[in-house]
Amino acid sequence: MFLLAVSVDTDPELLLARVLDGLRFGSGYGALALALVMIYKATGVLNFAQGELALLGIYIAWALSVGWGWPIIIAVILAMFATATLAAGIERTIIRPFDPSNHLPLVIVTLGLFLAINSFVAVTWTTDLKALPSMFPKGNVFAVGVAHLTWSGLGMFITVLVMLGAVTLLLNRTKVGLAFRAVSSNIESAELVGIKVGQTLQFGWALAAAIGTLAGALLVPELQVLDPNVMLSTLVFAFAGAALGGLDSPKGAVIGGILVGLIRNVVVQSVSFIPSELSVGAAVFVILLVLLVKPSGLFGSSKVVRV
Amino acid sequence: MTPRTIVEGSALHRRVQGANWSLWIITIAILPFLVAIPLKPSVFGNSYTIGLGNVNEAIAWAVAVLGLNLLTGFNGQLSLGNSFFVGTGAYLTGGLVQTYHWSYLSTLVVVIPVCLAIGLIVGVPALRIQGLYLALVTFGLAAVFPTIVKLDQLDRFTHGSNGLNIESKLLPADWMPIQGTLEAIRKIPLIGDWTGTDTFSSRQNEAIYAYFLLVMIAAASFLLARNLIKSRPGRALIAIRDNEIGAEVSGINLSLYKAGAFGASALLSGVAGTMLAIDKNFVSPDELGINFAIFLVVGLIVGGSANLKGSLIGGFAVIFVRQWATQTKEVPLIGWELNGPYGQMVLGILLIALMFAMPGGIAYGLTKIRSRIYRVVPADHRGEAPTG
Amino acid sequence: MSEALLHVSDLEAAYGDVKVLHGIDFTVNVGDISVVLGANGAGKTTTLRAICGQVHTSGSIAFNGAEISQEATADIVRRGIAHVPQGRGTFPELTVTDNLEAGAFVRKDPEINADIDKWFEVFPVLGERPDQLAGSLSGGEQQMLAVARAMMSRPRLLLLDEPSLGLAPIIIEDLFGRLAAINADEGMTMLIVEQNANLALAVASHAYVLEAGTIAISGEPEVLSGDEAVRRAYLGY
C-alpha cells in the first residue's frame, strides 16, 4: 500500500533546479569534508572542532568586511590566515602533548575546543543573526524556468575543485606533502627519516583550518543566515560526505560532500514519500547502504582503523 | 610514602570493604534529603545551585553512559548515536504515560524489548562498518532522531518540537517513610542542619521518591552490566575489542556478540531514557539530538572507558560540570565577569584540562590516587606482603 | 688506526619505571660492521632506539664527536644515522619510489633521483615495481626496501634491527651478502642487531652480547665463536 503512494517528481526544470542546488550546497559540504579528511589522514582523529574553527573564521571575515568595510575576498583570505595561525597554535599547545596513538582523549579535546570556540564566538559577536556577503557576483549564469545557475553556485563549485586540485598537488608533488603522507602512514618511521612530525601535523592543522574557513565562507552566504550554530548542521553533512567518500581520501571527501548535497536536494525532494524533514535521515540511510557495500567509503583505502 | 599493603580476603580487607560499602549506602540514603531543598553554596564569589533534580538527572545519565560503555568501552565499537536509543526510551515512556495513561515503571515492559530490538537491528550493519565509519553513521542516527520526533505523522504521540509534557506525577505511597526519615536525619549533628526545618512540600516528596526509584533502576542496571562483563560473553566482548581477528579464530561468534553488544547497549540506554522521563516529566526533541550523543561520549571518557565506576562518575560529571560551568559568572581570583554564553567556554576549557590531568578518565585517576594510600594484593602473595 | 664513529658510555634506558638498559658501553669504529647478539628481551632494540632518541636515556652517546643523547630523533637523523627498525618500518601506504624519496627527506642535493636509480640497481626486485604500494610487498622485498630507504639518507652509520626477521634462509644469505657489499663498496659503518648469529658473525668486525640490559661479552667475532657459552646460546653447536 505504501509503495503505491510513491511518486517521483519528473518535471525536468524542477529536477535541474534541485540538481543545481544540490551541487551548490554539496560543494560547501565537500570543502569542509576536505578539511576533516586532512586532519584524519594525518592523525587518525576526527576533528569535531573543524566546523567551529571555520565559524570563527567566518565571523572574522564578517567583522572585516561588514564591520570595517574591507572587500570580502580580502577579508576571507585574512580570516583563513588567522584561523590557520590559531590552529597551528592549538596543535602546538594542546594537541601535541597527547599520545598520538590514543585517540579517545584527543577526540574529547577536539570536543572541548568545539564548545570553547563556539562559546567564544557567541560571546564576542552575540547570537544575533547576521549576513555574510558572498565572494561572487549576484545574478545568474543562466536560467531555465525555475532552474537557475547562479554565479555563486558556479563559483563555489569551481573553487572547491581548485581547492581539491591544490591539495592533491601539494600532497603528491611537494616535500611537505611527502612528509605529510609519510607521517600519516607511519609516525615512527617518519621520525626515523628525519621528518619533524610535530611540525608536519601542525602544518596539517593550519591547512585544514584555512580550508575549513574557506568552506564556511562559501557556504554561509548561500544559507543566508550567520549565527553561532550555522556550522553545526554543516559539520554533520560534512562528516557524512567524508564517510561516504572515504575518510582518508581528499578526492573522496569532495565527491562525497557533493553527493550528500545531491541526496539532500534531489532525492529527498523528488521522492514524495520521504518527508522533507527527513533529509538528514535519507542522507544517513544512503551512506549506510554505500558503506555496507564498501566499508571504507567510495574512495577510502581499506586500512583497518582502530579507535 | 609507600602504600600500605592489604591482603585480599584478610580481616583488614574485609573491614575496608565493609567500610566502603557502608559509606556508599549511607551516602545514597542521606543524599536526597540534603539536596531536596537546593543547596546554594558560594565559592569564590560564585553562587551555585545544586538540587535533587540534578542528582536524579545524573543518575539517569550514569545509566546512559553505562549503556555506551558496554558498546564502546568494553566492545570497542565507537557509537556517537546512543542518544537515539535514550530518546526512544524517553519518548516511549512519555507517550505511553501521557497518551495511554500507563504508569511510568510499566512502560519498561515496552521500552526494554523495543530498544533491544532497535539495537540489534542497528548492530547488524555495524558488523560490516567499523571504526570511525561506524562512529559517523551512528552520529547521523543521533542527528536524525529529533527530525523523526518532529514528524507531523507522529505529532499526536510526541507533540512535535514543543516537547512532550507528561502530566502524570509519580506519587509516593502513604506508607513510605519520607517524612520520618527526614526527621531522623535532622537529629544527626552537623549534617542534619543542612536539611533545614520545613516539612517537605509534595514536590520535594515526589523528587525523593523518584530518586529512590532511579537509584534502584540504576543499581539493577549496574549489577546487570557487572555480571555481564564478568561472564563468558563479557570476556568475549572484551576479547573482540582487543583483537577482533584473534577473537574470531578462537571461536567467538563475532556477529552474535557485536550485534548483542549493540542490543544490550540500546537496552540500557532506553532504560536511561525512561529514567530521564521519570525525573523531568518532560521530553523534548532538541535535547535528545547530537549534543546529547556528544555528551554521552564525554561522560564515557571523562569518567573512564571500560570501567563501570567510570560510568557512574561520568554521568555525574556531565550533569554537574555542565551545571557548574553555566553557573560560574566570575573567574575565581582574577575576578573577570562572565556575562553571556560563557558556560560552554568554561566547559570546553575544563574538558581539555581534564584530559591533560587524567587522560584515562577520572575513575583511573582515582584508582591511582588510592593505590598510593593502600594496595590490595591477592592472597597467594602473602609471603611477600610486608606485615603492618 | 680506526677512529670511533659512535661511542656509547654508561647508557641507561627505561620505559616508565622499568629500567631496561643498565649502563652499557661500546664503540663502533668507522667502516666496521658491529653486531649485537642477545636473547629476546635483552634490550637490543632498546639500544638502537636509544641511539636514535626514541626512548628516554641517561648516559652519553657521542656520534662523530658530538653528544647526541638529548637530541630529537629528526636532528639525530640529520647528523647521519639511519635506522632500519625491527619489523621493517616502511610506509605501507606509499609507493616504493615514494618510500625512497621519503628516505632522502633530510637531503637537499639534486642527486636524489640518481640515488633512487642506483638502489633500484642494487635491489632489482624494487626496480621492477617502483609504483607498488610498500604494504603489498613481500616480507623480503620490504626488508630490501627498508635498507634502501635507510641508505637514501646517505648516512654515516646504518643501524639494522634484526634484518633477517621472517625471511627465508636463502633470502637472508642474499641480504647479508648485499650488506657486506654495501659495507665494502661504500665504506658504510653498520651496527646490526641479529638473532642469526652465524651469519652476523661472518660479516662482523666486532661483536657484543647483550644480556638483561648489560654487555656480557664483547670482542672479535672469532673470539665470540670460540666462546663456549655463546656457542651454546646463539650458534647452536
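Each chain carries a letter (A, B and C) given by its place in the written order, and its residues are counted from 1.
Here is the rule we go by: a residue touches a chain if its C-beta (ideal position, glycine included) is under 8 Å from a C-beta of that chain, and two chains touch if they have at least 3 such contacts.
Keep in mind that what you see is a predicted model, and the values were worked out from it rather than measured.
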Treating touching as the only link between chains, describe the layout with one word: line, ring, star, complete or other. line
Which chain has its C-alpha centroid farthest away from the centroid of chain B? C
Count the C-beta contact pairs for A-B and for A-C, then tell me which is higher. A-B
Please report how many Å separate the Cα centroid of chain B from that of chain C, as a whole number. 52
Give, as an integer number of Å, the spacing between the C-alpha centres of chain B and chain A. 33
Using the average of all C-alpha atoms in each chain as its centre, how far is it in Å between chain A and chain C? 44
Sites on chain A touched by chain C in the complex: 175, 178-179, 181-182, 184-186, 188-197, 301, 303
Show me the residue ranges of chain B that touch chain A in the complex, using the header's touch definition. 76, 78, 125, 128-133, 135-137, 139-141, 143-144, 147-148, 150-153, 290, 294, 297-298, 301-302, 305, 340-352, 354-356, 359-360
Could you pull out which chain C residues touch chain A in their complex? 52, 54, 72-74, 77-78, 82-83, 85, 89-94, 98, 101-103, 105-106, 149, 153
Sort out for me which residues of chain A touch chain B in the complex. 40, 46, 48, 94, 97-99, 102, 104-105, 107-109, 111-120, 122-123, 126-127, 232-233, 236, 239-240, 242-243, 247, 275, 277-281, 283-284, 287-288, 291-292, 295-297, 304-307
